[in-house]
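Okay, so chain A shows up in both of these, paired with chain B first and chain C after.
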Partner chain A sequence: MKFNYFKTHAVLILISACLVSMQSCKPKTAQSAASGDASKTFVAPGKYDEFYNVVSGGFNGQVAVYGIPSGRLFRIIPVFSQSPESGYGFSEETKPMLNTSHGFVPWDDQHHIALSQTKGEHDGRWAFANGNNTPRIARIDLTTFRTSEILEIPNSAGNHASPFITENSEYIVAATRFSVPLDDQNGDVPINTYKQNFKGSISFISVNPTSGEMNIAFQIRTPGVNFDLSRAGKGKSHGWFFFSCYNSERANTLLEQNSAKNDKDFVIAVNWKKAEEYLKAGRAKTQSVKYAHNVYDENTHTARSTIRTEVAVLDPADCPDMLYVIPCPKSPHGTDVDPTGEYIAASGKLAASIPVFSFTKIQKAIADKAFDGEYDGIPIIKYEAALHGEVAKPGLGPLHTEFDGKGNAYTSMFVSSEIVKWRLSDLQVLDRVPTYYSVGHLSVPGGPTAKPHGKYMIAYNKITKDRYLPTGPELTQSAQLYDISGEKMKLILDFPTTGEPHYAEALPAALIQSKQRKIYKIEENTHAYVSKGEGQTKVERNGNQVHVWMTAIRSHLTPDNIEGVKVGDEVYFHITNLEQDWDVPHGFAIKGANNAEILVMPGETQSLKWVADRSGIFPFYCTDFCSALHQEMSGYLRVSPAGSNVALHFSTGTNKPAVTTEGTPVKDTLKATSKQ
Partner chain B sequence: MKRKSLLALALLISGSLFFAACNSEEKPTEETTGQEAAKDQPETHGTEIKPEDVTLTTPLNQEWVKTGKSTYDLKCQSCHKLTDERLVGPGWAGVTKRREPHWIMNMITNVDMMLETDPEAQKLLEQCLVRMPNQNITKDDARQILEFMRSNDGVK
Partner chain C sequence: MKKIVNIVLSVSTIIIFSCNETGTETEKTAGVNETAVETGGQASVRDDVSAKDVVKIANGSKDHSTLVATLKQADLINSLSNAGPFTVFAPTNAAFDKVPKETLDNLMKDENKAQLKDILEYHVYVGTLKTEMMEDGQTLNQVNGDNVTITKKDGKVIINNSATVVLSIPAANGIVHVIDAVLLPPSK
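== the complex of A and B ==
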């Protein structure tokens, strides 16, 4: 027995030693390549990722920021949805950000991201994000990773083909998913009058080159199709925009079947330089509409919402040569322009091939009038006249294409759950790799720009079944990272994501990491209720409103004893964080608040409204662990019955002498003991 | 039990051999991104102030006393009283008699350096248990605060 025991182990050791000598440094097998490569995604503790990945949040209405190649989640930026964590959409200052012509809309469906560009490359200034459901576009400042502006889109009903951006951030676009009766028309019409009454809209939103502020420069009225995705031309095709459309049948029921009847849907090409000329020449009609424009001011730390009432509209009937229709196989999704601006890859979700159009050929077709009739007065360019060629049998359900800057394109295949790499010049399929599962969009850092960084590609999947530890009926959404630096694509990392990621963009960390704002200078704070120092803290009553000017600094709130509030009072806590040190926010929460907490950044002022619903003592405290004495950072608010004669009183550290409930002074036994 | 541990040892040895063998191939990846985040900042960390950088004169510069006090009201008062009573940090009464001028100014502008290197500053942290925050104060601001402290200590 004993002999056997050693014999077994000797053999085992021998075998493993042999395995070692055989295995060491041999090329990896297919199995090990598919199981990830930790050395390629490992970012050592204390080291930084090479890229920021700005990812849409889908139905959570927010935007998430991950590091690439590690896949680590850095931040969830509140955009279209309220965030009880930060108080965004709950604080008095941020509520106006979510105002719309429909009133306060605290949620949206966020699908696509566009990063600002200069000369066709990312400039690291802003990220734009669409709200699909109640049509909106948001601008996120990449020095603060906060939402700076939200613009509602009129005449739209589902802002899906948005926000796509031109090479110098001249415009971002917003084309409607649902065509509907226009905002100034009586929309109370039978649904089956779709063909007469439903119209499409494409909005061109100008971006102020200095402030980033958005403005609807003009809208183009279109036939009542459904717009899906878009891309701006670049380089030689700068001045053009390409939109994919479906439901060219203009069906108004069971679109799943009825909008897929035609053999071909469209890509609509828009000559926006021409549109600018028509606008200048006064061809636009002013339409009466109603939409909200919300801007956050970093000095007043307050958002302001204004309702705008007019929009300039260009009708293609008055503006020849502005729109062209290019037939495209069934229900195109992505219509993606390559880094040179020459090729436009249009992925028909239900098609068996990927048509690739040539910008040069489109221009020639227009010059030669190689048209095949009209669609609602818009010339239809002959399919073959615009076509560079088709990628044959790429896979099932081509959805979206990104580029590596080395002459290759990568198309996601939703139905067959794979990514296909193909060459732009001869349209040959070069490689294919599985995704787990049902891949939606792809993102190559810099992929939609003129200079992609062809090192990584991220796939955003719709289904993750069996890839992660299960968590009940709902499983995590996920992304997968591929190394695309070589000839073959290699899956190197799975990472879970929040919400449902649709499109995302990634940019080099070096573009923005040194520009991050650390604090708000307290000297520059012009909030209407700022307390610049504890000397300015106070409590004032105005009818049934009580305003509390409060400061927070490690580790106390001033004032921390407040009396004289009565049942029914609306109390506004205006908290100024006096800190001027990076990463030292203070939080504020009070028992029974019907909204949320607020997090206040260094030098910032934020306000929480709280209604006194009953008499009693209500503790409040700092929620963000700030120092060794964080737990002590708290206070008490006393609420008395309505009509009580308790006077308004506030203090910190200099409270009235302790008394019993009957009002007689209490002997401070603790103090007496410690003095002995 | 013993069987298992021997097996584990064998695997461990072979594993580390494998690792060592391949290690030579694994070059440390070049740092492509700067590791220094957030350089262009509104937040100020001063450079060290030397004794010879500070000159005290009398009578006091009343303009500095005034601006020093307004900075105190905004950024210091929450934690420092003007008496000798400790709040979060020590009261300021007598501070200009206890400490060298450059020590005070470094404590205001270079608190991280002071808490790392200065034994007196470290003693204060043990007492107060709250790191003095960087309040984004420039060298000039700190000099004015020092003038206000001198005024608080009775210098004319």
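== the complex of A and C ==
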């Protein structure tokens, strides 16, 4: 049995090397597997990608938009993090977007995406995104690819099981990863009183069908478990939500060990139609809380933040038949509902199988009262009574499942770095393919809807060190694109991502491509400091505040000479982009600004605050390469000492001829030289 | 040595077969997904600076050449080079020597790969467990789905009343507990 492995390897390498040279049969590495089909991902000039892929940014707090199949990154949408590139969170108009009950929170950890649906299909209106750290949900408008709204979630900590959506966008949910003492309780309790004092909560957030505006319709109070992920029922299971939970042990320390003790954690099934009835019947209690609701107005081009102070809470103890517990092996992660709404695949990430529950069986078990005791007063459905069956030995560390609409499911395996394709009907494994490496989420276009488009699957991976050029201690994450149109999955592209992608959704470009906002109409601009033409530009002083009404159009800023600002002044530059032409933003930056630049879209007004900290001349300029004379698009601000008598003065094109500081004409030395 | 020849033969057969059968590179990648990592993989990344992962620790130990050989045969090398975290109960060569030679030879055959994999996965727990964190009577649900039972006696940690932890080595992606017997999953 003992043999020398070096020798074995040497022999193998030698023999395969011979074969390679004889038959030019390359070894099947990741690279060769991908390059063989590269033509399938090339989108020639003049053509467009087939799908938009809306991808979470993880710890960069933003959302990225890629084209599929090309894998090209089209945009990083600022959502929960300030973006010095666009000025989001730096401009006066967008700062309120990041307001919370904790004040200004300029970063978050963004994990999951939910695209709005009508009748179980993507309708191409909004993308919802969760903020994990300081619990929030954002709504992104898919005609502008900008963040329109952010809603904070009270009674929550770690908004992980969020934002999952119902088939008509009735609700998106937000269930807390960390159970904590509730916001209206004294939270100053010993941590080891977890079991008495820590509670979970699930928020049901209604979406206004016309405006998209979010509102916390009600919360459900739950035992203090950790909610992980969720999916809404659809079709026959519409009206239900399924949440995976871990730490049913309710451990408060070393969860790595202490939350993995029970053989089974569970999936909580929520009958939200029932919850609506209880809400209507007045069973909810009003709890006093504090959370921010921030909305961006596209006419004033300004966000408003308001603090809300109440939430309606349903307690399962007062609301029978609303919640059920389904046992599920070992720290379930993804709990994914198939396109028909019948099957719920719950991946126990430490389990050796994937249990697949049947909605029909769950309903029967409830009718038959096939219960196995209670968890904190919530009936536990017998595992076997809810089970359609188990996918046996699918791989190591099953995490997430997507569907192709042809009766197949695809589950990512974190530990064994592979994707396993299996059939929903008989739970047979059909194909497996390696993914490089440590795969997390998967995304099939339309995968979570009632009508998946299939065709492609994107895997989001953590580790690239075997093939991406290293960049110091940290390497990029990657996405890998698979062709799933045939029986076998085929890797066709491997591309880097920004931030750390978690979940993503993809939708057909045809749904939204033609609806893209091209410009903001200048006549509809109701910003408090808009200049709807160069004639409206001005500079006004109000105490130590100086407001500059400025316009930008190819290729000058108006005004471009400003004098009379004094040290200590707070200067607000309100820039209106007068362009009415698609894709012509102008940027604005000024030396010494303690924040960022601002990028102003055609017809829009944005404001940058700047404090004069010393006297001198401060150039400002357009930062977005807008025309052949972009480099000329600039100006000067003069700052005089406090108490100086230099009068406020502004102009464009008129501040000449040049004078000396004493006011006498200056000899034009350059002209004189050129004449000689 | 006979085994080496066997492995070499089977591998070369696969290569010849797949090359002859399929004309183009595209088709070829489709049919043989599972062998795609054969020549690369994160286990092959050159890195002599980082702390060693569980595979590199086993690889660097002359007492674990049999374990490494079985892990390779079961295609578990890349999985165990992954982020983990893993607790690996690592039987020594002497522990494998206690297994009847015929049994072991059988397990090393390609047709018995699933069974070998099951046994090896019975030696792995997802999570980093130092011996001082283990409790007497505790059960651990292993990667293959079966449980092992921990006994703590006279300062010793014994798994399934049969394998004693003789040494524990912290790894970059978990911990290796060297044990003096091979663990066998309960018969199903």
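Of note:
Rule of thumb we're sticking to: the second predicted complex is superposed on the first by the 628 of 676 C-alpha atoms of A that agree within 3 Å, B and C clash if a C-alpha of one lies under 4 Å from a C-alpha of the other, contacts with A are read in each partner's own complex, and residues count from 1 in each chain.
FYI, contacts are C-beta pairs under 8 Å (C-beta built on N, C-alpha and C of every residue); 3 or more make two chains touch, one makes a residue touch a chain.
Owing to the predicted nature of the structure, the values given are computational and were not obtained by experimental measurement.
In the superposed model, A:415 makes contact with chain C only, not with chain B.
Using the contact criterion defined above for the overlaid structures, shared-chain residue A:553 touches chain B, although it does not reach chain C.
In the superposed model, A:521 makes contact with chain B only, not with chain C. Looking at the shared chain after the overlay, A:581 reaches chain B, while chain C stays out of its contact range. By the document's definition of touching, of the two partners only chain B reaches A:510; chain C does not. Once the two complexes are laid over each other on the shared chain, residue contacts for A:397 go to chain C alone; chain B is not touched. When the shared chain is aligned, chain B comes close enough to touch A:534, but chain C does not. In the superposition on chain A, A:48 contacts chain B only, with no contact to chain C.
Chain A residues in contact with chain B (one complex) as well as with chain C (other complex) are 5, 12, 16, 19, 23, 25.
In the complex of the two chains, the chain C residues touching chain A come out as 1, 3-4, 7-8, 11-12, 15-16, 18-19, 24-26, 28-42, 44-45, 47, 65-66, 68-69, 72, 78-79, 82-85, 93, 96-97, 101, 104-105, 114, 121, 126-129, 133, 141, 143-145.
Partner chain C is touched in their complex by these residues of chain A: 1-3, 5, 7-8, 11-12, 15-16, 19, 23, 25-30, 32-33, 36-37, 254, 256-257, 260, 263, 330, 350-353, 393, 396-397, 414-417, 431-434, 436-438, 462-463, 465-467, 486, 488-491.
If you check the complex, the residues on chain B that touch chain A are 3, 6-7, 10-11, 13-14, 17-18, 21-22, 25-26, 32-43, 73-75, 77-79, 87-88, 129-131, 133-137.
In the complex of the two chains, the chain A residues touching chain B come out as 5, 9, 12-13, 16-17, 19-20, 23-25, 39, 47-50, 508-510, 513-519, 521-523, 532-535, 551, 553-556, 558, 578-582, 584, 627-629, 653.
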